[in-house]
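Chain nomenclature is as follows: A, B, C, D and E, assigned in order of appearance, with residue numbering initiated at 1 for each chain independently.
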């Protein structure tokens, strides 16, 4: 236990040092990223650490969380909605119904030629009708002021509301994925979920009617109760308060905003931990570990492996979805192009593994540590290179190396990652 | 004649590029699948190993070119390949000694190794960029085409052309040779069998007198060779840019997995599945149809099932579909 | 004392091969100003920050560092629209630090709230679309296929071009995106070929997917003539593709001023490729920041940012690349200047480049100017 | 009562179970013997829902249970052990036992989160039960050891222990004796008989130790090549020429003689 | 008495912090059969692993033909002519039966087809299943593969951890016969058995281990005749 406290203190120290030597704003903004990542890592840990599900679709669930923010809190576009909203909804319903019918037919009909023909026929017919209803509606929506709108818009509701909705969207997607792909094991499940995530992001990128695709949505509102710094800077009350305490109002406004985010994210993080820890240290958690250790035996001992896998897959994904929504509402924009697997899937995995899979606090530690590392190497890497080259004689080699300094970023990250893993080959806080 | 034209259109835009791309993926997937099969983890550093190998080969090629040595109609880089392979082999052996060995001794679980390989990936990533930089490097020389579209038209008198690039030919042939060799090596030779034994049950391999260090070394050397070959052929056909090689990782893994991890034949099959599903499902049939359908019933749309926006999504959907029916890939892969 | 300028670009990530020449451009301007000895506010130094182009969190943190830790007084950047938006809203505005982006072209940024702190030397896509349509209809071209890089730049450009071209009676057979940095473009080329058209419009980046598309289109014989948008301008393309590229046409921001040529020559002498995408815009962005500071006699963003529009636009003495020293003198003397720079900067409306375009054709492996629009 | 009707299970072209029909009477301890590869384990796997049959039916108390998933069969009171131990390696030996009982309150997340006291009470009972079983199996000193770190024979005991955690109707034991010390095996045999007598469990036991079979089982079924070769009382089966030829071998006679000499 | 051919002397050690073996000694003479019996968890397998170098010994040493091999790796011990069949995980599941046997002969450079034919003779079922992955075999068949693999090595000392677990009586008899034969060719056999009565019958020497220490050591016949041993360890 004391070792764990020490580890947390160590990571805390890193943030303090960043605050002292760089700036507190930087330290806090890294902390925010770390908190968000910790929540995502917890979601993954629930799936991997508890149940051994190798989910590499984290990016997709994060993106769905982001989409929720757009749908819930973006400015409404009534013209866009009027132009084709109903057609789009009808199209989607038709699509869903035809898939459902096909699935039912597949389940109910006896194996054989008839089924093999009928199911594709239903799907193809469904697809045609879907396209026939859907396409014109989309064209109409996208034609509405494409440079600044071209989508159906959001509901204009508070951003905070989008967080649970993000969780729900992710959960719904996880349900669909789980129903189809959870029969797969290890790396096969990994690639399938990776693929689904790519598909989700492809949809976000290319369906302009939904969230403007690659044209991005910006200026999403902030979650309650976080104010805008510029508003604070204008508020006489705030300026008063800041000067009374001897702060510079501009600097204080930024710190205050970040601290509010820290508070919000911290609360969510604690809630997630509370739920996970309670679950883990209960017969439910024991059952999950049994399933992880040996599915065949767990099933023979009466545990419904499929159902449990689905349950945990949905819960974990929902947590990631919530974090995704939190991230988008903090950044204030949805940019589908930013979702890439390295940052949103594998980095989170690194956090889980470095923290120690199966250990919730480990995931938090991993999230904070790797989050810090990921962002700090941006300056650390080039600085290292600066150190290295400062001793060298002027010349083309030195020039070349200085040019390449930005690439020390990932190199440094890699080296530190390897060092951390070397000293804690089972993670910093291994599952006991 | 029209039918021939339709066929040529299809061959030129779908079949030949798909075949070449498939072979490129397959070569990459072979390396991934080998590491997975023997050392039992997904090696994320493979893309960057490919980049490293290609980089060394590029330097070697430049050297050869400077010395005035070329390879006839074939690219000089093929002559530089041995150098690339040798240096890359040294690098991965050093990496193994410095990094992976420790975890092997600790009997770390595969996911730890995957994360370690991510770390190695970042480092290699940096090394390649420190040396050759981030820009694109063109190092192809020799004859660009076996047959170019224009030549084909002139030769056959068809309206449509068929182009086959030298590099496409070389890639496909190499891929087939390499997979056959690897299959034979693993299934039939003593060393190959000892490698499989090691991957199956390390302790028991030890009890059979198999030298684990040797197995690991041989595996890395072959993997380095595969990575370099794959990287160089890809670079010759398209171009070399470190970032693209990193991006290649995803389709390469997809290929290895859909084929069945650990199985060389699967890697080849997987490569083609991924490549062809990218190219065919989003293919617009309009041009083909203009030749085979009479004017009157010719549709004016592109006759495209899905737009190319979704080509990646489509190839992944197909991958998932395959896995749903064959949960460990086309060729019964392993899973750790 | 030192005046710090932040260069906030994607040194790593998808645009990593484009960015070095951009950063060099900005540094080149800084060096020029320092060498001139005419910048009264101190020695200008640059600090690099890495946006990674795709990771908004990383970009925000980098900006946070530049501003709150390094204390930069102005930022050249960001590069990709997504990260630029995030930095603008979450870091630059709250801190009151102005940024001039050389390459973020998204129309959405035009309308974003910026407290007058955001400018860009890259032209907005809408204008370029018009110019392209004019050039092509002028050549009597009726139908084209379009491929664009799948981001706000490419998509915006493809959209605006499509609208303008159809309005002028042309037809776009297909408008297909390509993703940068991907392994293979066969599927895209196949679709474009199937759709057909007299020419392929390539709305991408010169060292990214755009080049790959051209290469693949040529290899398969799908297209033999190309139109290149501003992002596709660069010597490196000619070098890589060679003779088959002859006959390709395009337009880049520029007037008949000698700015672009002289900049490219100077860049070559300094050892980098000034013709590469957005290198000129980066030079101009840095130059504008420093000139504005001089004009405002302040390094405070809120102050100098009010001068940017003035300096960039006529009336006044035109300033070419390499004349920053002269510009500083003029400013000190109180003479009005019109910064033209390497990319013929003309800022309209909410601080973006109006865009004059230089039309060119590639002949015998050389870029030849054929006119201005 | 379990009735197996003309059951087939093929692996590719190989017929591991090839038309086996047999009955396991309620209340019996049925022995299942047969040469290695006779298809005994495969038969168990099919009955217990681990493998789908190629054809044929399994009926339990009049209900067709063919192809039901294992966890549903467990719910119907059908338990099995594994020939190759399937422990939950990262859990302690005690946890291995405590996870077995079905429908635990704490297995529902809602209870785990918000109804801690009920769960705790239930846990206490489970723990007591588990300790009792461990005691019986003489491995209570291992209660807190990870199951991956116990000896081969101890794993076998754990396999058996799991079936003792619940009230089963019918228990399929696949070579629980292999690797278990013979003295302890005798005690286990006694326990099986007791469970059978006192609680009415039905057992089906695969075992290669003929002494053990002889002590417990009636009837005994001998399988060979996927079919039922012989069945009857121990003595009937033991003296069946075909069984001797295929399974027992003539060595047994010598050995039985040897035994007599020692006794 | 001269030192035995193979001896693990006063071995103390375990898997982690706690010792499993407490000064346990096990030895076998050239061409003889030594059998270890004892309750589950007594440390029999641990003792075997210790002799084979798969465990760090805190005290004690292992000698083969007078040479101290305590420091050698398992692999080196294989090279010195020791063969071992572990209790569990003793086959290559993904490789065919034949490949399993070939791996047994991995260190042999001569032609081993004769030995393979002998193994097939001993376990005819394996010949039928020659080309099948060993992981698809039945429990008893796997055990036969495991023993077959060790026989392929043609070692000087053969160590078997419960070779007969799960094999049918007919095969078990064959196996014991074969073990006697092997021993007669001068190979030492050290085995752990729970089918203890049969095993002790053919044993030249028997060890009863309890809690990591030697409880009884005697000839096989003497142990069989000892009523306490019979009652407590051999099932009466």
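For this structure, a couple of remarks:
Keep in mind that, in the parts below, a contact is a pair of C-beta atoms (placed from the backbone, for glycine too) under 8 Å apart; a residue touches a chain by one contact, two chains touch by 3 or more.
Keep in mind it's a predicted model, so treat the numbers as computed, not measured.
Counting only chains that touch, the fewest steps needed to get from chain C to chain E is 2.
Under the contact definition, chain C and chain D share the contacting chains A. Placing every chain at the mean of its C-alpha atoms, the farthest one from chain D is found to be C. Taking each chain's centre as the average of its CA atoms, chain B and chain C sit 35 Å apart. Work out the mean CA point of chain B and of chain D, and you get 49 Å between them.
Note: centroid distance chain A to chain B, computed from Cα atoms, is 30 Å. Among the residues of chain B, those touching two or more other chains are numbered 129, 134, 307, 309, 312. In chain A, the residues that touch at least two other chains are 205-206, 403, 407, 409-410. Shown for chain E are the residues in touch with two or more other chains, of which there are none. Screening every pair of chains for touch gives A-B, A-C, A-D, B-C, B-E, D-E. Listing the residues of chain B that touch chain E in their complex gives 190, 193-194, 196-197, 199-201, 203-212, 334. Residues 11, 34-38, 40-42, 83-85, 138-139, 142, 149-154, 156-157, 175, 178-186, 208-211, 246-249, 251-252, 255, 258-259, 262 of chain D touch chain E in their complex. Residues of chain E touching chain B in their complex: 52, 54, 73-75, 78-79, 83-84, 86, 89-95, 99, 102-104, 106-107, 149, 153. Residues 13-14, 16-17, 20, 150, 174, 176-179, 181-184, 186-191, 193-196, 207, 211-212, 215-216, 219-222, 236, 239-240 of chain C are the ones touching chain B in the complex. Chain E makes touch with chain D in their complex at residues 15, 38-41, 44-46, 87-88, 125, 129, 136-141, 143-144, 162, 165-174, 177, 194-198, 201, 224-225, 231-236.
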